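Take a look at the structures below.
There are two complexes below, and they share subunit A, which is joined by subunit B in the first and by subunit C in the second.
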Partner chain A sequence: MATNDPFALDAVPRRVMPLIFLVDTSGSMDGAKIASLNTAVREALNDVGEISKNNSDAQIKVAVLEFSSGIDWMYPQPIESESFQWQDLKAGGLTSLGAAYGELNEKLSKSRGFMAEPTGSRAPAIILITDGQPTDDYKHPLEKLKGNPWFKAGVKVAIAVGDEDTNVDVLAEFTGNKEAVLTVHNVDQLKKIIKTVSVTASQVASQSASVGVSSNGAPAPADTQSQVVDSVTNAIETNEDLQNVDQGDSTANSGTDDWGNW
Partner chain B sequence: MHKTGRIVFNTSVLGASHIKDDKPCQDYSIAWQSEDPDAVVLVVCDGHGSDTYVRSDVGSRLAGEITLQAVQAFFPKDGKDLDLDWIIGTKGDVTAREVDESLRYSDVPSKDESEMTESEVLRFKQRLEFIEQIKGLHEQDAIFQALFSSIYEKWLDAISKDAEQNPFSENELSKLGNHKLVKAYGTTLMTYVQTSHYWFAFHIGDGRMLASFDGAEWRQIVPWDCSCFQNQTTSLCNSYPLPYFRYAFDGTGNFPIAIICCSDGIEDSYGDYEVAPERLQGYFAGLTKVFVEEGKESTMARLEEFLPKLSSVGSKDDMSLAGLIDVDAYIAIKEQEDVTENQE
Partner chain C sequence: MSELKIGTTIKLSNGETATIKEELGRGGQGIVYLVKVSGQNMALKWYLKHPGTVFHKNLCNNVRAGSPAPNFIWPLAVTEEVNSSFGYVMDLRPKGYEDMSKFILTHAKFADVHAQLNACLQICTAFQKLHIRGLSYQDMNDGNFFINPKTGDVLICDNDNVAPDKTSMGILGKAGYMAPEIIEGTTMPNRYTDYYSLAVCLFILIYMNRPFEGAWHLSCPCDNNPEMAKQLFGFNSVFIMDPTNTKNRPVPGVHNNVIRRWGVFPSFLGKAFCKTFSSSAIQDPTQRLMDKQWTNILLQIRSMYAKCPHCGKDTFVDVMGQGARCIYCQKPISTTSLKVGRFTIPLLEKQPIYSCLISDEQDRNVKAGEVVVKGGAVGIKNTSDTPWTAMLPDGSVRIINKGEGMPAKVGLKVRFGQGETGEFI
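And now, the complex of A and B:
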């Protein structure tokens, strides 16, 4: 057993908080949606990189899983947000959301996946971006994913790209509550909400305070998910650029989809 | 090296985030030894940090004080020896048990493992460990369960009394929200007890208790509970916390050379114990060495200065340590190692 200098501060590591994007690259995302998504995430990652650099609590690493007829990680392991190089995604194929859930479950593990950081991992922030309904069986993989302790402890936000084919109820099954499902109706909103959610989730999920668990293991009070939802709600209410984003069951801006300018 | 027999120490330091948020230190620690210096009690309690737990500093202090009082029933009093048949010559370690009593002793999974979620797999494996560990320990288990129940009941009484004597302010009530009063006082509890005949230890919640029996390897003596995950922990404020107590005991004469308990504020500053245990183990090994070489007073002074800095660059959380070092045994082992090295 190595005997360390117990008064050395240079041995103190930062934990790692994975920021995971699940991106729908099915055929319906082709055109303005995927183009603006590529731009938006690339820009948002600059801000996330800054947060990570200046955050003494945790380093943020980014992973991207695209799903269409199949699934594919942009890189095999999460990469430091400061040096993450976004590769433009192309759209085509079906919406294998169930396969994406299954793959995510595999990677949210110390023994098999992304969470075996020697410096320690914080629960991930996971952002699902989709414009359609799953074309495979998503219920069964989602049930298993929901039993994953990293997923349970993590922050989950879903961005519905348009309201024509998306289903808030399906996305709320992923996030755990409808308030964490945000529906955007045009390119501008998509870009802004991606940035808002990425930055907020990164800021909140990379901090922590101890909380008790209930006897049945249910989420504890005042968890990070609630903090992110509260922050995003506040942003939607106060930021003029986001005021036409629908949150949860809201249909205030239903029917205003405009994806034709690109 | 100062040959001083035994060093017993504890400290609790306000965390960097608590300074920033103007919160009190929610950790509480005790290192107690009896006048007959054979009996030692170490306690570390970590009150929960989230805003809901508005009196967790009080909850942790009460848990520590009540526990110290409760375990003293295990020490000889007025020169009278206690009945030690239940522990002498025996040893064991038992993890947390299923809350659902109908499942507690079932070694049959409710479904095929491939269909289980990751949480279900972990809990089922832990249940199998519990079933194996508890075999042949029913007498000891009954004694420990009675102790845990007594501590919990007294803690409930004490927090009720505190709430009566110091009514909750509007601000506290608003932070507590719809949660029961017990949540306001939420805390973990970790305890090590040693006499000249035996030692036992118990734990509910997170933080780490590591012991070294040979001066080289450090290991957990109380089994972990998979319910403690990330910043979520089991707690005295659970609606039914008794099954979450886990424990270990040894009446065979095998005593640790050193044992150190720490709150998760310290543990989290040294990475993920499950992935890289050598970081915290190395810290404890180094700390033990400094205590032995420089003595208690000097090392404590350095710790008081160091821990706030560690909190600031590490977890930001409150930081507690409580430990016991058998200096004579440590020196004897190190001298033996030196002799062996020279012979080689």
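And now, the complex of A and C:
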């Protein structure tokens, strides 16, 4: 008779927040860059899994889109961060950033894409990692992407791997503001910034909105994007390991690139 | 950057010192360290950025005033300022307590309904004591409560934002828990905004779904976008069980717990939530139920949780509703009840009669008597040191001392010591 236990319990439904990595796997990423990226994301995902596991507001699922001469999702659908198995990426080919933007726009959709979770979706956190300039037309797909409401509401951070070929302005078009573009100059910084950004973006974007006023009377942070930027800025200022990361237009560490594999 | 190094000793406002042992955790605001104070392990919350002189002064005031109730893990001493910041010392969370968010994730579960109701009662009582002081908690949410799943004992943390009504310590609250008028930015936190958050927490602990997350919430993308959050949780919010507006109803397959449980708990509990989350109470905070009212409702529910005389399982015997039925075997349960003050207690065998229902006893777990059944006849037995007075219809009286009982017959009345007078119905 206990088939209909009135006190049977399901976990309270949580919205799903996709954490999406857009990873440049063009030829120039080959060697130390892609190797340390593989290590760093794998490690960062352990932390993200922990955040997801203990977050009563939202669950974090992970998706990875690599772009070189073409584009490829690591898995066709986002996967729970706790059980995500990172497959090492290999580098080779061109930098089809425009194609990646187009594909991302397709998937940030309730009807055709990643945002059709039965328990509801939360705007994604998107981390773009690249060491070069796009070799295809990125402007047009980016315009379309910027009209996507999920993208607009989401958190966008770009990590420029070295300052030799990257262009902060091009990446700021993606993030919406320059402070969300972080330039690293060696593998140590790359690893640490991947971890910092992954964890911060996951924490902020998976949480329920903050409301109210701060102690100086200022309104609540406008959106998750600015919260993430504030938090990353704070980390760069206070964490010794991140001190030589350039944020936005900063060129304080310009020319210090050392990727150790030329 | 104002982190503290392990081994640092720091002076406290009560004249003692705290030595930093290890980091226990960190959040947006600060770091919590394990510290030694006079040989005892305690917790120190350290602010990474100085939260301002107003905040500091308020914290010192709270330390001076002391804790309103034992449930609060209250700031016990403020530290001196070092590296242009400061912190405060409090007790460590004892073992056996789980974060309320763990209950939401079902990583922790109440042992039984008694533990569940006890947790709700303790939360209400603690906040009632806080509110009597003219203070409000300000940002109540699932991160502030530690609950013992076995007993329902509750500890309340993060008390550094507690402040007099309508002053803001600048804390940002969590959408879904904060009152609509905070979401809309029309008021500062006060006890009425606390009443809203309290009802949200109680609803979650009882029905195990969120009160404003139903079909409408699901259909709205990006609920953590501030504009969308304003729509979903502001003045336009719609309670999932609103009797008239059905647009935000729980969705089968998603919001299963509340669908199962809504009809299981006595209907007056559901009505209380409908009232406190009604569109008029969303607009007008003074219409919300206060902590004291929730306490009475919960005490009533606890008294209705009894053994089914048919199947022997614990069930709610809703003697105030229409036609009480066992939630398991569905058989009707008819019983004599004791009506005393605002409470009605179904008289089923072994059902306790709690002192707090018949006197001004503050400890809610003290029992004054219990229901006894002898040869089919129902009676109540005094197990307390306070004599009861049975009043017969002919005007005569009889004293019922400890260990003695009296029949529960309609027409008889009983006076519980100097306390309430009850009658059998």
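Here is the rule we go by: the second predicted complex is superposed on the first by the 238 of 262 C-alpha atoms of A that agree within 3 Å, B and C clash if a C-alpha of one lies under 4 Å from a C-alpha of the other, contacts with A are read in each partner's own complex, and residues count from 1 in each chain.
Operating definition for what follows: a contact is a pair of C-beta atoms (placed from the backbone, for glycine too) under 8 Å apart; a residue touches a chain by one contact, two chains touch by 3 or more.
Note that the coordinates shown come from a computational prediction; the quantities given were computed from them, not determined experimentally.
When the shared chain is aligned, no partner comes close enough to touch A:31: not subunit B, not subunit C. When the two complexes are overlaid on their common chain A, residue A:12 makes contact with subunit B and with subunit C alike.
Residue contacts after overlaying the shared chain place A:238 against subunit C, while subunit B stays out of touching range.
Of the two partner chains placed by superposition, subunit B and subunit C are both touched by A:122.
Of the two partner chains placed by superposition, subunit B and subunit C are both touched by A:153. Applying the stated contact rule after C-alpha superposition, one finds that A:92 touches neither subunit B nor subunit C. In the superposition on chain A, contact of A:54 is made with subunit C only, not with subunit B. Look at A:110: by the touch rule set out above, it reaches both subunit B and subunit C. Shared interface residues of subunit A (contacting subunit B in one complex, subunit C in the other): 1, 6-7, 9, 11-13, 15, 56-57, 110, 118-123, 149-150, 153, 208-217, 220-222.
Residue ranges of subunit C in contact with subunit A, taken from their complex: 1, 28, 51-52, 54-55, 101-102, 104-106, 109, 113, 139, 142, 168-178, 182-183, 185, 188-189, 204, 208-210, 213, 217-218, 221-226, 228-229, 233, 253-257, 260-261, 264, 327-329. Of all the residues in subunit A, the ones that touch subunit B in their complex are 1-7, 9, 11-13, 15, 56-57, 105, 108-110, 116-123, 143-150, 152-153, 208-217, 220-222. Here subunit B touches subunit A in the complex through residues 17, 46, 48-53, 99, 115-120, 122, 177, 179, 183, 186, 206, 216-218, 227, 229-235, 237-240, 264, 268-272, 274-276, 278-279, 281-283, 285-287, 289-290, 302, 306, 309-310, 313-314, 316-317, going by the rule given at the top. Residue ranges on subunit A touching subunit C, taken from their complex, read 1, 6-13, 15, 53-58, 110, 115, 118-123, 149-150, 153, 205, 207-217, 219-224, 231, 237-238.
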